[in-house]
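These are the structures in question, set out in turn.
Common to both upcoming complexes is chain A, partnered first by chain B, then by chain C.
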Partner chain A sequence: MNRIVILCVEDEAEVREAILRDLAPFKPQMRVEAAEDVDDARAVLRECAQDDDPVGLVLCDHLMPGVRGVDFLIELMKDPAYEATRKVLLTGQAGLEDTIRAVNEARLHHYIAKPWRAEELLQVVRNQLTEYVLSTQEDLMPFIAQLDGPRLLEAIAAGKRG
Partner chain B sequence: MTGERTFLARFNEPDDAVESRMIEELDAVFGHPPRQKLPAGSILFHQNDPLDGILILMEGTVTLYQVIEGKEVVFHSQTVGKILGLLALTRHSRSFFNCRAVTPVTVMKIGFDELDRALQEHSNLLVSFITVLVRSMARRNKRLVELQTEILGLNRSLGQERDALSRTLKELQQAQALLVESEKMATLGQLAAGVAHELNNPVAAIGRAADFVREDLLALAGELPDGEVFREMLERTFRATPFSTREQREFRRLLAGELGDEALAERLVAIGIHQPATYHLLTENLSGTGEETLRRLERYHQLGGALRNILRCGERIAELVKSLRSYARADSTEGGEINVHEGLEDTLRLFSNRLRDVTVERHFGDLPPIQAHAGELNQVWTNLIANALDAMKNQGRLAITTTRLPEDRIAVRIIDSGPGIPPEHLDKIFNLRFTTRQGRVEFGLGLGLSISHNIIARHGGAIEVQSQPGRTEFCVKLPISREAAIIPATIPESAS
Partner chain C sequence: MKPGKRVTGMTSIKWMGLLLSIFVFFIPFIFQFEELSVAGHRVLAIFLMAIVLWVTEAIPLHATASLIIFLNILLVSDKAMMALPEDFKAPTYSSFFYALANPVLMLFLGGFFLADGAAKYKLDKNLAKTLLKPFGTKPSNIILGLMLIVAVFSMFMSNTATTAAFMAVVLPVIARLSPSDRGRIALVLCIPIAANVGGMGTPVGTPPNAIALGALNKADIHISFLEWMMMIVPFMLILLVFCWQMLVRLFPTKAETITIEIDSAYDRSPKAIIFYVTAAVTILLWFTEPLHGIQSAIVGFLPVVVMLSTKLITDKEFHSMQWSVLWLVAGGIALGDGVGKTGLDKWLIGLVDWEHMAPGMIAGALCVAALLFSTIISNSATANLLVPIGISLTASPDIAISPITSAIFIAIGSSLAMSLPISTPPNAIAYSTGQIQTKQMALTGVFIGLVGMLLFIYAAPLIWNIFGIMPD
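Our next item is the complex of A and B:
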């Protein structure tokens, strides 16, 4: 079965390691990938596409060398392949203007300010992935244990899928 | 009326001839009326006095004036003419002006009624009288035109004075803005120095705590069976530079191919094992089961990585704190010997979040310490670097070059690859420019540069700019020793 990808884009190695450690509970059911800049993130997207693994969530820093996080999210929004992908900014440095662009042009789903707390990050990722599977997956059962179980069960009971 | 003495013919006669003839004719008609002599300073009549006749000025001079807002305003002195009370003739017999004798005067009075009768009966007199009257009026009219011209001139000089005043006011406002900005910088500097100082203790404690945890963990691991392997894993991760995400994916792909197990490859690469041989060597030499060993290795890898990150981040904070302290030290030291390169490095470090996409090139020459105010110079570097980054929109090349010049001077050049400054702005770039918009004072490039200009001038140095698209250079030249006393701040002329 193909795994849903969580992609974390963060340029600072120490911060990236901390985020990956926080995301460890989603492994190995989800494919957790990391990229240190937007070019690298595009490479990850290509690899995932080759493996037919759908990208469920992009967790992105804003201020990075090269392309900025918000611009990457906008780029994703314009690609139909990533329309359902949940988009989250995890940053300490996006100004008001960039954040507004992220909301309006990338339909940003969530904004987490640095420094983040592990529970908050996990909660946001769990909720966003729940939304993602609800809108894209036929079979919700495999996600009940790891994502928002009650919501998924409700959806199954409502007879939509399951 | 006699033929040769027509009214128009008299226009060519000089004034005094016409006036003498009128007096002769008046004398003839009225039988030489009595002359009245009055000393200088006498008031002949007041404004609005009812007059019952005119006065003919035979000798001396008078002045016609009005009192406006408590002040005497002279309307006629040279232009009075011979007939006084002239306007009263047309104005219900009330005088229009005050009339005062400037010198002793001799006047002759003729009542309106008798004048009226005489003018009806004696056409000669009528002609002379009207001629004198018209000429008086003409002179007075001319005088009014002159007065009007004088008023225009006065208005013009008033306008010039008003402009000068508003220029001065603008300069004062600019001087005040400079002072406020300097004051703000000084306060911020003190705050920054205070905060930086307070940060030192926690940062030091974090670093030490991480060291302690590492020592204890290494000791604990030593007590485990196969402890050496775990100690090595912790230490290796602690000292290693992590691979890039690209490299990790590549290793993962290769290892997965060799092991035929993607999940295992991912876990191994995550703990820094890239060769199947290393993994086999590990598992063969360890007593526990494969999964148990792998989990323990992962723990030690994570511990080593976390400790490394704590220390590395602590060091970064400590460096920032150090830069902030030496940057802000500024205001406490009044002109010691300073190392220009340190100030530049401190400033660059504080700009690090804007330098991610900027290639910084340092071409530092061999510079002696210079006598200067460290904090003020830092402010100059800050302004120049901030402007360069603004111009480049935080992307491009920033070159900083320092050189020793002849005659005990040094030069610091800050060169950016931005679009350049339009030539028409170059010569006034150090001038103060600020505009008030919606009641708020907005500062552009001008304030930072004019503050820098002032600071450099106080240090006996100079700042120059050269700009073309793709290369803008600000060159600061400073003397190595500051013989001269501190020169008070000067405000460059405003660009109007």
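Our next item is the complex of A and C:
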């Protein structure tokens, strides 16, 4: 089965490591990828596309050298291949204007302010991936153990009722 | 991944299945069997193809069903594309299409509407909340309560939907238990087990029951809703209590108390009340057929008419119903029809020397065959393939079992198969929670299969005869 990709874009190595550590519980089932800037992120997306692995979630910093996070998310929104992808900003330095653009133009799904708590991050990622799976996957069962089980089960029940 | 990139989703097993199904289809056209009519050869071809397609699921189960109807019409109906012998009384092509509107399907559709309404107005959750209260907080009592409620619900709703809905309620409870508490295994396993067992209880409980009833109807044998329940429910309850005891002994709960929180309140809107009344009247009429004589399929159409005209079921909900389940059952009915009308049944029976076999053994063998088959393949597909054979057996003077026993045993046998995650969708759901291992499911599943089998093959016919429940 193709694995769902969680892509984390963050320029500071230490912060990136911390995020990856927090996302470790998703690793057996999901493909967790990290990129240090937007160019790198695009390369990762190309690789995933080649492997036919769908991108479920992009967790993105805003202030980075080169293209900024919000602009990258807007770019993703315009590509039909990543329309369903859940888009989350994980940043401490996005100003009001950038945040508004992220909401309006990139349909931002969630904003996590730095510093974050591991528990909060896990919860957000779990909920966002549950939404992604509900909107894109026909077979929900493989995700019950890892994501929001009760919600997925309710959806299965609704689909099989009558 | 670009949308639309994943095109077929065909695995190599499915490709093999597709090729093999075409290959076996041509066997009866190439090899001629003595004493089998021309039409019988053609239905044999359809039958062989159906076996391969239903086992490998090379195409969706209901697609196979539609193919069966189509091929029956093209090959052995009065509008057949290939000439049939003059002396063969070909069934009309419309008789094969009628399978799609068989009264049993209408009965099942009624069940769909009730289940949809129950979910929409949260009647299922609310009833569960009310009914669970008397069972307190002691883990073993809670498990018994859950099992009884799940079983009752799955008598009227799909086993899969019931399992998914109740598993959603149980998962948060399990999350609060200590990881070393084996009680979590009992809590997860009790739901699919109760749903699988509960499905046996009524004609609308699970598709194999409908397939059995549909085939019996074709043979002019009518079993009422109540008769089915009187035959099955007592044994279903005994089996359920056995399963409960097995689970609480094998996987005792360490926690002293557990509480199941269901957050919902009874809906008192006018639409909800129309639904409650409709559901109550429908079920009451199903239970009282001997008093008024209105057949259960006709009663089953009542919620359909009421809920559509009051818009309790919207267009969108109507469109997203599980029509594929009905088509699958229809495919089985059409297959049985073809087998019966072309003499394939008599030829198949002639292959075996039945005289030396006790009737009980034959009935038992059918039940065992159904259990083994449906451990691996879909319960409905199992019933679709075995019921026509089972019913035709009873046409032979050498074999002293009634068509009712034969058809019901196959339906029950296919519901008893629950030893693997792939055996039934409820099992797959339980397994997908990540809380149990296959070996635990296999252990309990094999036990239940054996005990259920003994109960139904040995005890049930005895009791049926003593109390005269068995309809003639």
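Throughout what follows, the second predicted complex is superposed on the first by the 159 of 162 C-alpha atoms of A that agree within 3 Å, B and C clash if a C-alpha of one lies under 4 Å from a C-alpha of the other, contacts with A are read in each partner's own complex, and residues count from 1 in each chain.
Quick note on the criterion: contacts are C-beta pairs under 8 Å (C-beta built on N, C-alpha and C of every residue); 3 or more make two chains touch, one makes a residue touch a chain.
If you're wondering where the values come from, they're calculated on a predicted model, not measured in any experiment.
Participant: So, does A:Leu96 touch the first partner chain B, the second partner chain C, both, or neither?
Facilitator: neither
Participant: Looking at A:Pro142 after the superposition, I want to know if it touches chain B, chain C, both of them or none. Which is it: first, second, both, neither?
Facilitator: A:Pro142 sits against chain C, while chain B stays out of touch.
Participant: Tell me the contact category for A:Asp40 with respect to chain B and chain C: first, second, both or neither.
Facilitator: In the superposition, A:Asp40 touches chain B alone.
Participant: Is A:Asn2 touching anything from chain B or chain C once the two structures are fitted on A? First, second, both or neither.
Facilitator: second
Participant: Which partner does A:Pro54 contact after superposing on A: first (chain B), second (chain C), both, neither?
Facilitator: second
Participant: So which positions on chain A get touched by both chain B and chain C?
Facilitator: none
Participant: Enumerate the contact residues on chain B facing chain A in the complex.
Facilitator: 242, 244-246, 248-249, 263, 266, 302, 305-306, 309, 312-313, 353, 356-357
Participant: Using the touch definition from the top, list the residues of chain A that touch chain C in their complex.
Facilitator: Residue positions touching the partner: 2, 48-49, 52-55, 80-81, 141-142, 144-146, 149-151, 153-154, 156-162.
Participant: Which chain C residues qualify as touching chain A in the complex?
Facilitator: Counting only chain C, the residues touching chain A are 1-3, 5-6, 111-116, 119, 157-158, 160-162, 164-165, 167-169, 171-172, 320-322, 425, 428-429, 432-435.
Participant: Name, in rising order, each residue of chain A that touches chain B in their complex.
Facilitator: Touch list, chain A to chain B: 11, 13-14, 16-18, 21, 28, 33-36, 40, 43-44, 47, 63-66, 93.
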